[in-house]
Each structure stands twice: as C-alpha cells, then as structure tokens.
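Both of the next two complexes hold chain A, though its partner changes from chain B to chain C.
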Partner chain A sequence: MSTTTATTTATTPATAAKRGGKAAPRSQKRGRLLIWVFLAPTLIGLGIFSFIPIIGSVVLAFFRWDIITPPQFVGVDNFVDLAANPTVRVSFFNTITFVIAAVIIQLAVALGLAILVQSRMPDWLRTFFRSSLFFPLILSAASVSLIMAYLFNQEFGLVNQFLNLFGIGNIGWLTTGFGAKVVVLFVYVWQNFGFTFLLFIGGVSAIPKEVYEASSIDGVTGWRQFRHVTLPLVSPTMLVASVMAIISALQIFDQPYVLTRGGPGNETRTAVMVIYESAFQQLEFGLASAVGIVLTLLIMLVTAVQFQLSKRYVFYG
Partner chain B sequence: MSIEAVAKPTPVRRLGTFAKYAVLSLGVFLTLGPVVWTLITALTPTDPETETRQVGLGAFADVFDQIPIWLYFWNTVLVVVLVAAGQMLSAAMAGYVFARFEFRGKNLLFVLILATMMVPMQVTIVPVFILIRGMGLADTLLALIIPALPTAFGTFLMRQYFMGLPAELAEAAEIDGAGPWKTFFSVYLPLATPGLAIVGILAFNYHWNEFFRPLIMTISEENFTLPLGLVTLQGNLGTGSVSTVLAGVVISMIPAVLVFVFGQKPLREGLTAGAGK
Partner chain C sequence: MADLTRRAMLAAIGLGIVGTAVSWPRLTARDIPGRGEDALTITVFGTAQDAMQRQGLVDGFQKLHPDIPVRIVAVQGQDWGSYFAKILTMIAAGTPPDVVTTATEGTQLFASRMAYPIDEFVQRDAADMKEYFDDVHPSLIESFLYKGNLFQLPDNFNAANVFYNTSALERAGLERPNDNWTLDDFLDVARKMEGAAQGTFLSYFWTNRLWGGVVPWLYINQTSFLTEEKAPGGEWLWKQFYPNETPRGGGYLWENADALNDKTVESFQVLERMVSEGLAANPAQGGGSELVALFASGAVGMTPAGGFWVQGLSEANVGNDEYDVTYFPRMRGQRHQFGAGGYAIMDTSPRKEEAWQWLKYCVSVEGMSIAHSQPDSSLPRKTLNDKLYGAGLGPAHWQVFYDTLERFPDTGPFPAPPQQAAVESALIKNVVPTITDGPEGVRPGLETMQRDLEIALRSR
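Then we have the complex of A and B:
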C-alpha cells in the first residue's frame, strides 16, 4: 500500500518532465534537470513523511494493531469503540469546550490590545508594548506550563498567596476539575494570544486614517465607531485569525500534559492526549488513528463552515 | 492625523488615555510578570540549612549537577540547526522551481504540497513513528531531524519570495553565460536571504520549543531535548526545588530570547505570513 503511493509520486513527475517539451525558452530546456533535482528533497520528504502517513492513518483506523502481533482488520470497530468509550467522548467534549472558550477570549483580548497599541502614542512606547505582549509566543509551551504549575500551586503558589490578601482561601487550581480547566485555558491563551494580536495589528493598521476622521466628523465615536467602523473593516483579519486559532487550539497537548496529565480524572484530557495515550501507552494504534481521523474531519468541517459564514458576514472593502 | 488629533483634549479624553495605558500596562504585567518571577526565583534559591532565600547561582549549579543539561542543550542545538538548514535549502530550491519554471503537473504538485498542511502533525504521528521504527531510527536524534526537513509552508513562503524578484535577472545572467544552476546559486539565492531568514527563524522557534515529537520519538535520556529534559527534571524533583527547575527553564530560554531580540522582524513577518490573503 505504502510502496504504491511512493512509486506514483515518484514516477508522475519524471514522465511529466519527458513530455513537457512544448516550445519552452532555451533556459527552461536547460533547466529540466534542475527542476527535478531541486524538487526532489521536498517531494520525496513530504511523500514519505506526510502523504504516506496521511494515507497510513486512514488505513490504520480500520485495523487493530499493537505493533507486536500482526495487524487485524476490524472494519469500523475502532470508530464504534471511540464513540462508546467514555474517556474518548469526554476528551472530545473537553477539547471542543476548550476551543470555544480559548478562541473567543483570544480574539477579544488580541483585538482590544491591537486597537490600543495602534492608537496614538510615541513610537518607542508602541514598540515596547507590542514586543512585550507577543513575547510569550517565543517560549516553549512545556517551559511555560512548568512556570505556571508553580504559580498556580495550591500551597505555595503566588496566585493563591495573592488571593489570600483578599481573604480567599487556597484554591486547588490543579487538583479540582474546574480549577484545572481554568488554568489550562489561561496558560494556553497567555501564550497564544500574541499570534492573534500580531494578525490584528496588521488588520488594524491597514484601516485608512481618513475613515476614522470622516466618522468622527459625523459624530460616530467610541463604541459606535468600534462597532460600525473598526469591526467591519477588520472582519477579513477576524476570519483568518479565528480559523487559525481554532485549528491550533484543537491540537492542544503540551499544556494539559505538563500541568495535569489530563487530570483530575479526565477533566483536562484532550483529543490529542487520547491519541498519544492510546498509541504510545496502550499500544492501540488503530484506535489512536481513528481518533486522529475524527480530529482531522473536525478541523476540515470548521474551516468549511467558517468560509461559508465569511461570504455572508465578512466585509471586503 | 490620528483620531485624537481631531477632538480637543477634554477631561473625558484624558481619562480615556489614562485607561488605555492602564490596560496596556496590565497586559504587559501579565505577560512579562511570570517571566520576571521565573528569573528572580531561579536567582534566589532556598538555602537547605537556613531555609531562607539567598541570592546566588546555586540553582544553576544544581541543574548542571542533577541533569545532563549540556547534553540536552547540544541535542536541541543539533536538531534545530540541521532542521533549519535543511528547511532553508529544500524550501529555497523547491520554491524557486515553483516560482520560475513551467512544467507539466506543476499546479497539481503545488496543491498537493499545500494540502499536506491541512492534516496536523499530531494526527500523522502514529504512521510516522512506525516508519521511523521501520527505518531503525527509533530513539535517535535523526528521528526528530529527518521527518522535519521538508517543509510545505517554507516552500510556499519561498515561492512567494522568488515570485517577487524580477525575471529579468535570469535573462541578464543568461546573456552573461550563466547556466541555470549558476543563475540560482549566485543570482537568486543571495537575493532571497530575507525570505531564508524567515524560514530559518520559524524553524528555530518551532523546533527549539517542541515537546510532542521528542516525547514520542526519544526514550533514552541521552537523546532528550531541552523541553523534554526539563519536564522530566520537574517530575523527578516534585515540587521541592522550584529554583532548580526554573534555572533550567531560564537556560533553555536564552537562545529563544536572543532570536527574539535580534530577529524580531523576520519572526513577526514569518508568523503572520501564513495569514496573507
């Protein structure tokens, strides 16, 4: 199965090269060899490590395989299992609620801060605010989660010490279901809003100043200006930003893995954690692939829905 | 002329300006606060005898004593440098061909390359792991390097970059007697340096910080990269030596911060490049 795919990707370009002799400029003819030598690393690399694995996951999803004994064809059993398995179900439920909360907060915070950063202020101050706000993006999610695990520690964490000042007792941030969810959400958004923020800076700075001047002269200011001028004009950025934020949030793994290992119970278990655990801890490679297929379909569905919505709501000026 | 310039400064407007800076400062406090706290905690370890916090580099010494952090550092550097170099070269070559040559099946190939970006790495990790195991590369650094060498996004980025360079340069080079290879290596590639910088910095940022693939692909401690090594360190120490773990975190942050300081422009451009319409 995998070999056939490899040969097809490898031969198609070669035959195409032989046939493609229609009146090309001289330099183009001399570049025939160059074309395929230059494409080879990318085509072979992506063929082996992207195409074959994509087809491989689809095929594996219909088998039961523990990597030691020979794989066994089981039809749609893996999909039936994952629909019936409470851990898988709760992890998808967790992932979806997490994505909704994370994306809404991320977009709102990023847009608000982008508008403020792009308003009138000295350039050095703007640079300072902008750099500081997207700084977390360059750190590793694993390191950030280690830091936050200490800050949210129940006994000695700084967050509880601060809350103690207001007479609030020690909250079990990582030991209660709700607390753990809040921390995972906070840590994820803390690190990732910077990306959405950068996108919105691009969107907001592309709005012509004249539009604001004209609307201000017409008496449209403050909230109404935001609602009727800024928001429609950044809506294309909003679409791109939300698609990218949803796709990335659906793949969350590092933060809950380091912070809670999915616990307490299954409270912070996510879809990718289930892929990891069923494949590399329980050796159920077929089930892991089935979960991966469902996740991919979810990503494709979200993308399709958003582009349909965009036709109706996004304003391309 | 900006919005504020149109209206006269009234008390309400002053309040607005104050609120604006207050909100932004709160944002900066929240983003930089945990980082500053990390730095301070790493530099003030608890003295085991007196049980008080002392300023010093003791926690850093502890990291070097307790885990082979130099090895993790070196492993991470090796992976990141080879992946970044490989991605820059392969993406430049493929991007150049897609930008400057016509051949049968070109559009189909390009669409297929872009299509690989639709399926997340976490989904294909199981077959990739099986392939790597079949190649006898399980639990080696090559398991992290080889699958990361081709880059669909980098190819796309470099294609855009080469399309922005004038085609006349190739004609001029040809008149001067340069063949197609020389035209690429001595005319176009040097001009594409800013695009290459973006591909390289993105590869650095991603692979310096990645956790998921090393967690799956490596088993022996001698093949760990920094993020995996630090999470293991924290697991082994429990919550006892906060300063030690955070000192490790600080060490792992240094190269990332250097790239942030010196490569901020290509980093910003690269991160947002995928969002272009």
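Then we have the complex of A and C:
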C-alpha cells in the first residue's frame, strides 16, 4: 500500500466521524470507483454480447419473427408448437441419451488413460501421449467430421474396406440409426476427451505418492486401490470435468450436422440442430429461441442437480 | 493499491473516448470495402474467387452502363439453404443487397417475401427481350413465375440426366441405351454392369438431395412427393412471348404433401429394390463431393448429373470419351426434373432500374457467354450450348442436356415451395429409412415423410 493511501486512510475516519459517520471515506469511494473502472470493459462486453442477446432471445421466444417482416407477439404459442412438434421431442430425447453415453465414455476413457499415462510411462512417452491425446481438440469439428464421413462411407469407406478383410460385410455406419449414433458418439468423444484427459492428468498427479504407498502396505492394490484411493481423491476433478463435459455435450451440433444432417430420419438430430434449422432454414426465430430457452433451462437444471449430488460423492480431503 | 486521482480518471476516460472514436469505423464495420458506396450490390453464391471471376461480366456491363457502379459480394455456404440464411442475415443487419443470385431452391422463397416482380420491366422492354425468349424454352421461364408474376430470368439450368461410365458399359457387353429405355432396361444394365465389374463397384450412385435424389424417380413415374398445381395468371407473358404455346399459367404451386399416393410408393419401392439388391448406393448425404473421384476411378457405373458436371469431370482429368450422358428411363412417363438459376431484384432495393439493366445484360448473348465461358452449366439459350459443349469438351451426346426440355415437354423444376428448406429437410431425412427397412418399410417410411412434409408446409 502506498504512503498516500495509508495517510488518507488514517485521516478519513476522523473526517467521517465529524460528519456523523454517514459519508464513506474519500479513498473508499475512489477505491470502489476504481473497481468499476477496471470491471467496466468486461461488463460492457458481457452486456453487449451476452446479457442483451440473452434478454433478446427470451423476448423473441414470445414472438413470431422471420427477419423480413416485423415481429408479431404470439404469447406462448412457440412453446406450445415446440411441445407438439415430434421432431423437437425426438431431438431432446436424442440429446439427453447422447449426453449420458458421451459423458460416461469420455470420463471413463480420459480417467483410464490419465492413470495409465501417469503411472506406467517413461517421461518422454508421457509427454508424447499428453500432447497427442490432446491434439484432436485443436482440430475443427467440421473438418474432422468430413474426414470421418469419408472413412465411414458404407460402400467406399476405409473402415468397411478394412472390415471386409475379415469377412465382415459393408456396415451402414451413417445410413442406419444405430450405426449413425455410434459414429457420431465416436467422433465426438475422440475429439473431445483430450481436455478431460488433461484435467485428470492434473488431478491424478496431485495425489501424494505416500497415500498409495500407505495403501499398498495395508494390502490395498489394483482395483481396490483405484476404487478407494484414486477415485475419491480425483472426485473434485471429476466434478469439474463432468460439469464441463455435460454442458459441452448438450450443445452438440457440428458432428451430427456434417456427418448425418440429423439422419437417418431424426436418429441423430439434436436440440441445437433444431435451433439452427428452425432459425436459419425455416425462418422461425421465435420457435428457435423457445427451443434455446428450454435447452438453457435443461443445462441449468442438470448442473444444479450435479452440484447437489456432488455433496455426496466429492471428497475434498 | 495505487489511488486513482481525479486527473488520472479523467485522462483514462478521455483515452477511452478517443480510442472509441478512432476505432468507430471498425466497431461499426463501416470500413468494409464498398460498404456505404452508392453501387449496385449483387450477391453471388460462392467464394471471393467466384466473385472475381465475374469481373469480366462486370466489365462488360459497365461498358454499356458506365454510370452504374457494381459491387459483387460473394456469399459462401455449404448449400443453397445456408446461402439464403446469410442473405436473410444481411437483410436483418440493414445491408440488403440490390440483386441476389438464386436458384430453383430459393425462387419461391424470395418471390413470396423479398423479391420484386420484373413484369413491368419485361413488358416495357419487350422489343429487346423478344430475342431472349425466342431462344429459351418456356419450361425454364415458367419455373420462375410465382402466382402470376415473373421474378427471374434463367441464366443457367441443369436437367438431371444419367451419366454413365463408357468402360463399365463396354465391360458389360452393352451398347448405349435407347433414349426411351424403360426401368427394366435400366435395371438390366445395372445388373450386367455389376456382374462384369471387379473390385468395389456400384452400378448407380446417387445423393440424397432435391436435385438428382429421389425426385427423378418420382417424375418418371408421373408423381411427386408434393401435389403440383398451377397458379392462375401469367397470360401477359405467354401471349406476348410464346404465342404458339398453350398458356402455362402463373407458375407452380406445391401446397400439399403427397407422399402416400400409389405411384410415389411404387417409385420408392423401386429404389428400395435397387438398394437391397446392391445395384444402388445407400444415398449419400450432402452435395456429393466424393462422387467425382469415385466416377473418375471407375467405381461408379451410372449417376444422375447435368451439364454442370462436364467441367467438374474435366478438372478431374476424366476424358470426355470416358463417359456419356442419356435420359432417365421410362416408368409411367419420362418426365425429367431440372433446377434453374438466375438473378432476382430485391424488393427493398432503391436501384431497381439499374438492377433490371444487370438482369438484362446477364441474359444477353454477350453476358451469358462471358458468365459461362466454361461448361459448368447448361445454358437456357439453346444456341449457346452448341459453343459450350459442342466444342469438344462435352460428352458424345451432349445435346441431351438441352434436348431433355424439348423431348419431354412436361419436364419441370423440382418441388421448391416457399418453405423449401423445411420441405427438403422433411424429404431427405426420411428417404434413407424408407428405402432401407426392406419392402415392408416403404409405406411406414412414407407415412412419416407425409407427416413431416405436412408440418413443413405449415411452417411460416
């Protein structure tokens, strides 16, 4: 703290006392002002690019608007349409089942690899795996999906060509409901587990070696060690990783849009795809906003439930 | 923490104000080249390179109209739907273009909401325009009429024909099929191609989209997935420019779903049989970008394509003797489908007269020749196709591209009502489930398609 500030701080209580203790000290006022000055750029940015659009979206959900003609107030009609539309219902069902599958697989793969890389690797190989497993995340999801679409092509894709070598016939990866879901899930998890993996690397490496040594002396090894030592100690990381993975998976768009366009039928259509299609293809911006609001509420609800449940399973040492 | 003096505070605020003022053009995007200029703004569907390639067209136009500055704006998109979405965003942002390129996919969307009818201009300049209409097939003009008004002049079109690999045909011991071949002939050719092929090979490869997807198979069976009617009106056009034609009405209306009529079911059953028999691919999604490589490598025997593909195959080093083109086979009829493209004037444009001059120039012999110097699309002016495809670049039977219109006068555009994006989505998402669940899966698949089409047509 500077001398000037110290002096000012020392004198102001007396001044305040003379004024009956009601007025805040001058330096405190300046301090508060300074806080707002420094916060202003962020707050202005958030206001313009986040808060105003969010409010706009909420308002828009009660209007019919096609960009070209003026918006028309329709009350809750968009929400009624949303509930009655089978495609919207299916897309939410798909999104939720996708999130469950993707998050479980993503967390399991990432944690498994993190433990493997941290425990049984020479340093150079560990560095190599840390980088290479994170690498898919820096690629564009659309580019990855385009390449995967070629690989999983039913007639000419490399995956089926490879399976043919073992006498397995061509599989309709992208043209059957189950196949398309598997491919979308695979591409998404392959590209996104790298971040979760890095989180777990941090979590696993923070566990003191002494804890493992002590548990080994007590005869706790292998699966029991993982279950009773590793898992509780990485549970705070697990909470962060799962919250982020769920929020990200609920917003899945690129992979199904490029790989399958939501098909076959509606098998891989997701909530965000419906938002895009409603707004930019069908010019129903009100309906799109309504779907967006429902999705946002769903994300908030899931996150709240998760934090509530975390009180039971997260161990903070 | 350092205390903030009043002077420092004022200086910081002052700096902020100055910084904002200096960067104002950037913040408000006013520094984008051409923005705010008094120029005729034309959007084209493509890349910046595509826009640059139109410079010849702009130069030619400005020789005639030196007083009309022109700015070409390239709008990139994965498909026409994303292009239209970006045009709508430009409108919402308060920077609508004066003229937009659009194709059959967007003709009725623009006509119903944001395009300006060109009837008054065509009638005013009828003497100049007569020569154009004399050279252009009425089916193409009809596709740009909407509820009695004309909105565009076709400057390119592509009918869906069957491209075939000549080696695959020869290997199967077959000769070029007759122009009026039937569905059975087609299946026979496909089976023989398949039987004679070695390695990975598909007799028929197709893409799941409006152009060249299921629609050709519906049209040759005299059916569709939407009802097709004609709007009243348009007499002024037919009487004046096509006096020998029976008036065709005021344009197509596709207002109801019709996926469950017997002929539609029959066409889908044919496709289901072809897929289950291994003669046809399970249709690929998207634009079919992989097709050129597959066709060039000889892995595909036949595929729906149009005049536009000649340039694509040439760029892939496929010799024009390695493939040829013929008509789609006959079922109940042999009606073909086409898609056409052209420019539309925006209703909001304050430069409608200048925009009309641009439209007129683009469909003139000079304009169309400059715009299509390579065989990347069939041309609505019959006479120009001779130069484009007959100069050695096209396949042996390149005349098929234009003759499709004359040989089968009922040939028409694929269904694209104002709700085209929703309708296309409802169609393509149901095609694969309909043709891959066995013969019993066809009708349930079409029932779902019918339901989705009804919802799509109800969309606003």
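FYI, the second predicted complex is superposed on the first by the 273 of 317 C-alpha atoms of A that agree within 3 Å, B and C clash if a C-alpha of one lies under 4 Å from a C-alpha of the other, contacts with A are read in each partner's own complex, and residues count from 1 in each chain.
One rule holds in what follows: a contact is a pair of C-beta atoms (placed from the backbone, for glycine too) under 8 Å apart; a residue touches a chain by one contact, two chains touch by 3 or more.
As the structure is a computational prediction, the values presented were derived from the model and not from experiment.
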item: Touching partner for A:Ile67 - first (chain B), second (chain C), both, neither; value: both
item: Partner chain(s) touched by A:Gly31 [first = chain B, second = chain C, both, neither]; value: both
item: First, second, both or neither for A:Tyr150, with chain B first and chain C second; value: both
item: Touched partner set for A:Ala290, first chain B, second chain C, both or neither; value: neither
item: Which of chain B and chain C A:Arg120 touches, first, second, both or neither; value: first
item: Contacts of A:Gly263 with chain B and chain C, given as first, second, both or neither; value: second
item: Chain B versus chain C as contact partner of A:Val88, first or second or both or neither; value: neither
item: Partner chain in contact with A:Thr175 - chain B first, chain C second, else both or neither; value: second
item: When both partners are placed on the shared chain, which of chain B and chain C touches more of chain A; value: B
item: Which superposed partner A:Gln282 touches (first chain B, second chain C, both, neither); value: second
item: Those residues of chain A which chain B touches in one complex and chain C touches in the other; value: 27, 30-31, 34, 37, 67, 149-150, 153, 156, 280
item: Residue ranges of chain A in contact with chain C within the complex; value: 1-2, 4-5, 8, 27, 30-31, 33-34, 37, 64, 66-69, 85-87, 149-150, 153-156, 161, 172, 174-177, 260-266, 269, 277, 280-284
item: Contact set on chain C toward chain A in their complex; value: 1-4, 9, 12, 81-82, 85, 88-89, 91-92, 113-114, 200, 202, 205, 281-286, 290, 294, 299, 419, 421-422, 425, 428-430, 432-433, 436, 448, 451-452, 455-456, 459-460
item: Touching residues on chain B, where the partner in the complex is chain A; value: 1-7, 20, 23-24, 27-28, 30-32, 34-35, 37-38, 41, 86, 89-91, 93-94, 96-97, 101-105, 109, 112-113, 116, 118-120, 122-131, 133, 146-147, 149-152, 155, 170-171, 174, 179-181, 183-184, 205, 208-212, 215-216, 226-228, 230-231, 234, 239, 242, 245-246, 249, 252-253, 256-257, 259-260, 264, 267-268, 271-272, 274-275, 277
item: Residues of chain A that touch chain B when the two form their complex; value: 12-13, 16-17, 19-20, 24, 26-28, 30-31, 34-35, 37-39, 41-46, 48-54, 56-57, 60, 67, 112-113, 116-117, 119-120, 128-129, 131-144, 146-151, 153, 156, 158, 190, 194-195, 198-199, 202, 209, 212-213, 216-217, 221, 236-237, 240-241, 244, 247, 250-251, 253-254, 257-258, 272, 275-276, 279-280, 285, 288-289, 292-293, 295-296, 299-300
